[in-house]
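What follows is a pair of complexes built around chain A, which joins chain B in one and chain C in the other.
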Partner chain A sequence: MELVLANLVNGISFGMILFLIASGLSIVMGLMGIINLAHGALYMVGAYAGWTIAVQWKMNFALAVIVGGIAGALVGLLIERGFLRRLYKQPNEQVLLTFGFVYILSNLVIWIWGGHRRLQFTAPILYGSMEIAGMPFAKDRLAIIAIGAIIAIALWYLQDKTRIGAIVRAGMDDKEMTTGLGINLDFIFTVVFLFAAFIAGCAGVIGAQLIGAYSWLGTDILLYSLIVVVVGGLGSVQGSLLGGLVIGLIDTFGKALFPQFAMFTIYLAMIVILLVKPSGLLGRKS
Partner chain B sequence: MTLPNERETSRRSGQSLLIRFTPFIAGALVLCILPALVPTYVRNIWTKFVVFALFASSYDLIYGHTGLLSLGHAAYFGAGGYTVAALMLHYNIDSLWVGLPLGVLVAAFISAIFGFMALRVSGMYFLLVTFAFGELLYSVTWNWKWLSTPGMQGISGLLRPNLGIPGFRWNTINFYYFVLIIFLLCFYLVYRIMNSPFGHALRGIRENEPRMQSLGYNTWLYKYLAFIITGAFAGVAGTLFAYYNRFISPTHVGVVTSFMPMIMVIIGGSGTLLGPVIGALIIVFVEYFSSLFTPERWPLILGALFVAAIMYARGGVGIHLTKLWRKLNYRYGSSKG
Partner chain C sequence: MRKIFLLTLVSLILVVFCFIGMQELSAEKPAKEKVGEPIKIGALFDYTGPVADLGPKFEAGLELALEEVGYEVAGRPIKLIIEDSATDVTVAFEKFKTLVERDKINICIGPLMGDAHLAIAPYAAENKVIVTSLFNGMYENIKYKTYIIYPTTVDAQTYPFGKYCYEKLGYRTMITIGANYAGKIGYANGAAKGFADAGGTVVQQLWPPVGNPDYSPYIGAFKTADVVLYALEGPGPVARFIYQYHQAGLKMPLVTITQDGDYTPESLAELGDIALGIPGQSSYTWQLDTPENKKFVEGITPKIGKLFPSGAEVKTYTLGKIVLAGLEKTKGDDSYEKLWPAIVSLKIKSADGPVSFTPDGVAITNMYITTAEKKGDNYVLSTPIDTVRIDPEFIEASRGWVPPK
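The block that comes next holds the complex of A and B.
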């Protein structure tokens, strides 16, 4: 029972991290029509920047999360303004370009921070565990779940209840019409891309509590978040959240129950979804 | 595209036919004669270039001609290589006549399964699913102990293929010609496929799929067949690579290797016949020189090259050479014809 519960908490917290990355990936995909393959690399940059703040300089963990987000956003700004913008309306080239940045960023990270793996780190107040209804829970896991839930609610509110959310949804459905209504969609693209990069960078630091940081983290986490997008469906916060939780739980329980086949459980989930409902669990109708 | 009357002219005169094929003949001569004269280490790299030229040509079938951006192409390359390696490791079979056909079959079979599922979705989703399938095969090779020499990740100590000719011994020169012959055979097949009605239909799908559908083509089947064919050719390249490298590891199945044919096709020029070959030449030799000077910065150089190629040399080197050739051909070839 305790084992199940511990795995449940681990699975949900991992799912929350996956949600944070996948939501950015999915919104950029829905709005701009491209997959940002460097999204995982932005996560990695955030994780390393947060490591410098929290471990190397021994500063506040919350500050590390913000700095991680800013680091992700800055790299995102460079990629979007400097490169993606100039390949307007060439989705294949744009995707390939972001793939090039995966290579560049992974190698730069080794150059700056060295090749060895960074262990998980967390804020001192999140050490140890707390008891809820007689069961011990790791505090850092609970913190991840709480942060993830708050961000999920905020994103959902932003998406469904605000003007900017309405503009983004309209942009996903019909770009020309939205532009015709006098909305500067170009500007919205940049804002959304930056926001997604910021969230990815923050997620890097939050997720570092579970995963740590290493130089090929960018591709590993990208793979997970792509599967989340396939399973959850494209272009909505709810889809990414559901997909993230499903994949996080499947992966964690898979690793606990059948360690030899742990890597394959998530692919199995993806293949089932592809065969049964190719648009994903909560995909937007096109 | 060749205009019909231009093609008529070429058919009529053997002389202009000769001119039309001059770049291929020149290329074949360079491929055949040059490697015999260079030092051994250059010949080894040259062999690697030919293997990757085949790999890149196979990728161009699906990317350049069908317009499908597949991110997991190394899966089929690695499948071919691992088949040969597993045959040697577990069954002591090093015969070419078993290894090569079986490697190609396994690669084609895996691409048939993956393609079936990946082609259920289109556009960005296709890309994402092919990427995930590539990484699936990567984690199979990483986790399955059967697919590695004990104590290692990957299979080492592979032999050159056994041709079944008594008294035959491999050296770098005859191995190079062996690779070259298979490459030229496959290259010719790719050329024929691209210029067949099937190849034209694929380009039609790339340009305008709904129109092809309304013309009565079963576009799904065309794409599926193209996916399997490209997987089979990647399998040939992977088999050759296992014979060449004598070591195969999960890296050769994963995203790092999938990246190689993409950058080769982009730099050389997609949708052209010689483009991927030129791209492979550039990348393999840049890799060699950067591994001499800064091996740890190689991914950075590769990424930067890739970004630069997409930003500034879209269409690639191949397309400029093809254009130049067309111009020369038009000026001198058809006037004589």
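The block that comes next holds the complex of A and C.
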């Protein structure tokens, strides 16, 4: 029973991190048709920026999350405005370009912060564990679940209940019609890309409570987030949330129960889900 | 047109960065103008991948050993050629081949990973190139007689520590968690064998993959035991595990192996109080009270800019000393036929203690029991709590571990 409860919390908290990073990736891919392989690197940049604020300068953790988001957004702005806007509807070039940025950002991080891996960090109030029903649970993981749930509700509200969300959904369904209605989709694309990069940067700091920061973090987390996008379905916050939770729980319980197959459990799950539902669990029908 | 120009510019920038990076990583160290053809010493250290922080440390230790003799031995200059093995077996093998075929080395220091040594060994034997291990000395490579297995085989390094956990620390049941590659499997199993031979029971063994970011699923799967022994691939994963174990709130005490390599000043500074008091096996501690160690610490600390050196710097320093002593004995002859028997006949005192060899090239060194302690505001590796000489019998006694079902 302890094994199940402990790993339920572990899996849901990890799933929330995956949701945060995959939600932005999914919306960008769904709306703009851009395969941004540098999205994981934006997460990494946010993690390092947050580390500087929270650990090196010993400032407030919430401030570190905001600064991490801003760092991700600034790098995202550079990538989108400077390069990606010239490569719309050219997926091969987008893949090459954004993968190149992964290497550039990884090496920049080594130059600035060194090759030494940064330990997990959290707010002082979240340090340690708390007992619930006689079992210890890590406070930072419980906080991640709460923060992830709040962000999920906020993103769902933004997507489904606001005008900007309606415009984004319309743009995903029919770009030409949306443009024909006088909506500046170019501007919307940039805003969405920036917002996704901001969320990725924030996720980097929130996720640093579990896995810290290191120079190839972008590649590691990108792989997970692509699987979440594929499993959850393109273009929806709900899909990213469900995909994140499914992958987080399968990965965690897979490692706990079948450690010898730890490398394969999430890929097996992805194959099974895609065989049953090729567009993903909650993918938008094109 | 503008698009083509931008893409060309970005591509050129990437090529320049790659070129600069390759030049840095395969830099030959300059030799002074000396008479005689240079002796080429190759080295494979990890500058990228999960243990990227160890590469510069290994490099610093080896450089110090060579600087102390002015990059010269027996009248011949020394040329050091370093490649990045990237914590990857395939890369390590390809880089080793490059060192042998392009650079014509006769001796190679490293790589780190035991799996890489298993891959390299047959090729090294075929080409009569002497290879030294860094931490992960693999028993399987003894038979080739081209290996300097230092500080000893992985199993033998930790076998006496397993006995220590039972006899001195009083534990009766143990869980081990080790990184899933040959080196750390050997370490964990050596300790498990020692623990079991002393009378203990290993109730569970877990093997997370190399580079695993999150240990919580494995921590969540722990059964109950008197102690948990962790054997992870480097300072970063070790620090991450200790932190996550502390956050999980479990009460089983921890012990560890290769503490001298994993408890670097950076990782201890980040871990703080939660690293204190965990007993571990080390093959070195910077607080050893010997003239050789004092000289080493004085020379290395300004070089690395840290409070104290870890096991990484001293490993390559000692290996450098061993190679230089062997070359002195052969009067500068670096051929396998002369250098191998010269090295295995050595008895030297280095910063990490006395070193001698079995006829098969396995080093006989000291094992120290250490822990992390706080000195003033700094977290450091302690003086030895206990010292055990690795008996050559341990090399065989530590083999043949049967895991629990």
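The definition used in the following text is that the second predicted complex is superposed on the first by the 281 of 286 C-alpha atoms of A that agree within 3 Å, B and C clash if a C-alpha of one lies under 4 Å from a C-alpha of the other, contacts with A are read in each partner's own complex, and residues count from 1 in each chain.
The rule is short, and it goes like this: a residue touches a chain if its C-beta (ideal position, glycine included) is under 8 Å from a C-beta of that chain, and two chains touch if they have at least 3 such contacts.
Nothing here was measured: the structure is a model prediction, and the numbers come from that model.
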Clash-or-fit label for the pair chain B, chain C on chain A: clash
Which of chain B and chain C A:Phe83 touches, first, second, both or neither: both
Which of chain B and chain C A:Tyr214 touches, first, second, both or neither: second
First, second, both or neither for A:Gln120, with chain B first and chain C second: second
Touched partner set for A:Val230, first chain B, second chain C, both or neither: first
Which of chain B and chain C A:Ser129 touches, first, second, both or neither: second
Chain B versus chain C as contact partner of A:Gly100, first or second or both or neither: both
Chain B versus chain C as contact partner of A:Lys255, first or second or both or neither: second
Partner chain in contact with A:Asn7 - chain B first, chain C second, else both or neither: second
Dominant toucher of chain A (residue count), chain B or chain C: C
Partner chain in contact with A:Phe137 - chain B first, chain C second, else both or neither: second
Against chain C, colliding segment of chain B, chosen among 22-30, 274-282, 292-300 or 328-336: 292-300
Chain A positions touched by chain B in one structure and by chain C in the second: 83, 86-87, 93, 97, 100, 103-104, 107, 110, 260, 263
Residues of chain B that touch chain A when the two form their complex: 69, 71, 117, 120-121, 124-125, 127-129, 131-133, 135-136, 139-140, 142-143, 255, 259, 262, 266, 296-297, 299-300, 302-304, 306-307, 310-311, 314
Chain C-touching residues of chain A, taken from the complex the two chains share: 3, 6-7, 10-11, 14, 55, 83, 86-87, 93, 97, 100, 103-104, 107, 110, 114-120, 127-131, 136-141, 210-212, 214-217, 220, 251-257, 259-260, 262-263
Residues of chain C that touch chain A when the two form their complex: 2-3, 6-7, 10, 14, 17, 21, 47-50, 52-53, 55-56, 206-209, 211-214, 216-221, 235-236, 239-240, 243-244, 246-250, 266-267, 270-271
Touching residues on chain A, where the partner in the complex is chain B: 29, 33-35, 83, 86-87, 91-93, 95-97, 99-104, 106-108, 110-111, 219, 223, 226-227, 229-230, 234, 260, 263-264, 267, 270-271, 274-275, 278
